[in-house]
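Each of the next two complexes has chain A plus one more chain, namely chain B in the first and chain C in the second.
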Partner chain A sequence: MTKSASRASEDIVGNDPAIGALPVALKVSGLHTYYGDSHVLHGVDLDLPRRSIGCVVGRNGVGKTTLVRSILGLSPPAQGQVHIGAEDVSRWPAHRLARCAVALVPQGRRIFPSLTVLEHLQIGARTGERGVDGLAAAPWTIDRALEIFPRLQERLGHRAATLSGGERQMLAVARALVANPRLLIMDEPTEGLSPAIVDQLRELLLRLRSEGVSILLVEQNLAFVLALADRVHIMDKGRIVHACSAVQLGESPEMTRRYLGV
Partner chain B sequence: MNPHLEATGTRVRRPLWTDRSRTIRLLAAVAGIVLVVLAASTLGSYPVELITQVLIYALFAMSLDLLVGYTGLPSLGHSAYFGVAAYAAALCSLKLGLPFWCAAPVGLLAAVVTALLFNLIALRTARGYYLMITLALAQVLWSIAVSWTDLTGGDNGLSGIARPVIGRPLEGAASYLWFVALVFTVSAMAMWRIVRSPFGQALKGIRENEPRMRALGYETWRYKLVASLLAALFAGIAGECFLYLNGFVGPSSLAVALSAQVLLMVLMGAAGTLFGSMIGAAVFVVLQNIVSSYTDRWLFVMGAIYVLFALYAPAGALPWLRERWARYRNSVGGNT
Partner chain C sequence: MSFWLINALNGLSFAMVLFVLSAGLTLVFGLLRIINMAHGSFYLLGGYIALSVIQASDHFMLGMASACVAVMLLGAAMQRWTLARLHKQELPQSLLTLGFLFMFADLAFWIWGGNPQLVPKPAVLEGAIRFAGIAYPAYRLALIGIGVLVAVLLWALLEGTRIGAVVRAGMDDEEMVRAMGINIPLVFTAVFAFGAGLAAMGGVLGGPLLGLFPGADFEVAMLAFVVVTVGGLGSIRGAFIASLLVGLADNFGTAWFPQLSLFTAIIPMVIVLALRPSGLMGRA
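After this line comes the complex of A and B, so read on.
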């Protein structure tokens, strides 16, 4: 890992107990992203404190996935900055960012159909080996990930194409965990999951937060968001139009109806 | 335990069928090659040379499979590495008088350097364009081989290259077949190890979803470059085996027709399986020899056969055979 990448990953990890007093793990400022002539993100601003769960919510097509892709360098922004800790990573390629302990669980799982479950975990673990220093909890090995998802243990030698939707989501999450992220970004993680698996996922995310991982969720499942989020960012037409606590959002049916159509 | 797991410090239970079964299959394949070579040695020179050609083209097709099947890089310029290695080794022998043990490594180095130069350009592009650029670059080398007659002999090529002396001269067809079988076995095992290594897993990931691999922390460009260099190395080995088989190298070894043929071998056998490429090469070479002995229009017949493959076995011969075998076992199981 380069010195700046190492510094960025160290900056995400903090020991401060109170979320409100924590410095940011992720700071997005004035982000503008285009797809060709299409202006998708119009100056997005977003802060994610360390050891917290931040959620970005909004209707379909408002630019949530583009925001995730821009943060990770997969759709580089035309203007604006992305800071991980103190480091400006706006122009970093995606692979460099991943090596400083930033992991993504993408929308639609995006698994590799012809690779086995074990091969997925090995591919994820190889970059994670470099990022385990500084976390209070035990590092996420393949063994530990399989303890969380015993169903994957049973399917270890099977190709990912043969997994059910829930198993694929478990695999996508496990693959991200074994990279030992300090910042975990999840795009629509509950999409198509049964309530039991959603509950399991919620427990896991709370546990990760307690272990020092900062989590950015992009999600449409409002109940899931309200149960987890420390802070919610409402997105509309490529902008963050409102930011509040989950409690405040839950107490404002007008807001949820207006921006989320719920 | 799988070495990958040891490297990550894990104690994962694996299904019983995996490693032991693979080793048995590998040993069976090696034993099969030895048996075929032993049987062929007792036959006349024609079948011996035919099997030698099959092994050389199989090695060539497997090298392309590293790119097409495992990395997802469709190349129509693979003959460049085959031809460059052969030309370089031939020039070292004829012009500089170097022995086999010096000429052969120089030929392989030339193939790898060519791949490096090609891919520094071609890897800047996406998949379809990669195919076009490799085709164009290989055509440049072909035109140099045709036009630079002082060095390459032009259309006449370079001839009179003696076979290597390893203990004794490999002049006889059978002794050269043994040599090629040894080279093939070592190379095939090396490729087998490569595609099952962590590096091979990363290549498969790149083939399936390159942006995802980048998001997982893999600098995919470097992986693709190394895969290209390895593919060129093994294509170069095949090219040199072909050179010493015929004692000759001409522009046809650099031609786009050869690149297309080897691509067909990979697709007919099943891309991304190595063993499938071997089957594809065997089917292609044997059919070509048989059909061309009956008619001058053998290319037409080969085209028709390929259309049949595309219609009835679009994923290649190996998956088609596996499916038939599974159906047969099910029917036998159902009757008992």
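After this line comes the complex of A and C, so read on.
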């Protein structure tokens, strides 16, 4: 057990030996969340080390989005703690948390139909503190975000209601990017995207990690998870039932079948 | 000819009062999802406060400014300390505003009494202007200009500024705006106060025309609800068009069928809602 745990921590470390020494970016402990009477999260524990990509996988309806919502304070947990860095943020209002450099790419994109592409970026933009916590010094400005997504540049003055599904997802990502997060939470970002855009997204996430961003990625696309994750957290019925490295998950068809249905 | 012209101008000037009043109501509904039953109270209180200030100072603009500021503060306090406590419970919030409607009505009756009163017009806008063979009240003409100006300013504020974009984003998806780090509780209070201020401005502008009396709050609120429903909840542009429709329908209706006056103001609502249930500019 001890041996496998230390093996797992090496996987988190990845190529950069310094990372293991940094404190966690996000720590979730014993989280219980209800929607009215329905008990959805049954004590979720999860650690996300700084500058790493942690994936949460699991079948439909196991509570992945609820976990994201609870971390962000959108569905406040009834019990348990969420720490970001050393700070206990469990009872913070959502907007305060987002000001501490946490950004969300939500499931279903949730762009604002009546705003133009540019307006999304304008209201989302935050300078954030760059150059601290090992975060790369060059901030994501609106211009830099648009360089990554030239398609959005072309549609800058259009209302988001007129965008295609892929463009909406790019916008949702760009909107989070210009917030200059230290912790980026993405809920099924590849849902409904073409393979080319998925590749682009993968490159972007790797780049963000190398810039020092910690990423919590909820995802059902196994190939995407295997290509990116430093650590995979398997969720079932409102709990994290297993955590392992991407390699371990890739080598265990039994696990993917049981928990992911593939 | 002059029958048409006069009634059209009457309809337009009345429509502008309606628009200023309804713009606040539709903004508040669009963002906070509350049907503010006390919106007419803000109109009435605004008118009364302006009346008292004008009587004391003989200064129309000062009356208007004090009325707007006072009612905005009242709205901010009401939202912050009562409505905000019922977050996401739209029906209890709306019912609470109904309670405020009765309280404010009593308060106004207690302070300003039960006799109908007219807000004095600004001195420069007394008298009439002659054109096209008619002599038409200068104040009513000015109202048309002011209404258009308010509409343009509101449109510029909402479409052209960052705070306007935040408000529209909040109308689309309040939770997502919160997740982006925007202090939405504060935006809610500000928009509610702003809407209250617009209602007060409506009361001051309409005061010299329609008069202030117990029950005026309810009467104008009725029409504002019609306007907001016809225009599409949350839409300023819709509220503008609907105000014109309702204002003109009300005036011509009253001219042609005096015994059916309120009915004719509601006809546009019946027709529009039959064809477009979400209103002219409503969100789907």
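In the analysis below, the second predicted complex is superposed on the first by the 231 of 262 C-alpha atoms of A that agree within 3 Å, B and C clash if a C-alpha of one lies under 4 Å from a C-alpha of the other, contacts with A are read in each partner's own complex, and residues count from 1 in each chain.
As a working rule, a contact is a pair of C-beta atoms (placed from the backbone, for glycine too) under 8 Å apart; a residue touches a chain by one contact, two chains touch by 3 or more.
Just so it is clear, the structure is predicted and the values come from calculations on it, not from any experiment.
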item: Overlay on chain A: chain C relative to chain B, clash or fit; value: clash
item: Which superposed partner A:Pro113 touches (first chain B, second chain C, both, neither); value: both
item: Chain B versus chain C as contact partner of A:Leu104, first or second or both or neither; value: both
item: Contacts of A:Ile71 with chain B and chain C, given as first, second, both or neither; value: neither
item: Partner chain(s) touched by A:Leu26 [first = chain B, second = chain C, both, neither]; value: neither
item: Touched partner set for A:Ile142, first chain B, second chain C, both or neither; value: first
item: Per-residue touch tally on chain A - higher for chain B or for chain C; value: B
item: Chain B versus chain C as contact partner of A:Val213, first or second or both or neither; value: neither
item: First, second, both or neither for A:Leu156, with chain B first and chain C second; value: first
item: Overlap of the chain B and chain C footprints on chain A, listed as residue numbers; value: 72, 74, 93-95, 98-99, 103-104, 106, 110, 112-115, 119, 122-124, 126, 175, 179
item: Chain C residues within the chain A interface of the complex; value: 162, 165-166, 168-169, 171-173, 175-185, 283
item: List of chain A residues in touch with chain C within their complex; value: 72, 74, 93-99, 103-104, 106, 110, 112-115, 119-120, 122-124, 126, 175, 179
item: In the complex with chain A, residue positions of chain B that touch it; value: 4-5, 8-15, 17-18, 198, 201-202, 204-205, 208-209, 211-220, 272
item: Of chain A, residues touching chain B in the complex; value: 72, 74, 93-95, 98-99, 103-104, 106, 110, 112-115, 118-119, 122-127, 129, 141-143, 146, 153, 156-157, 175, 179
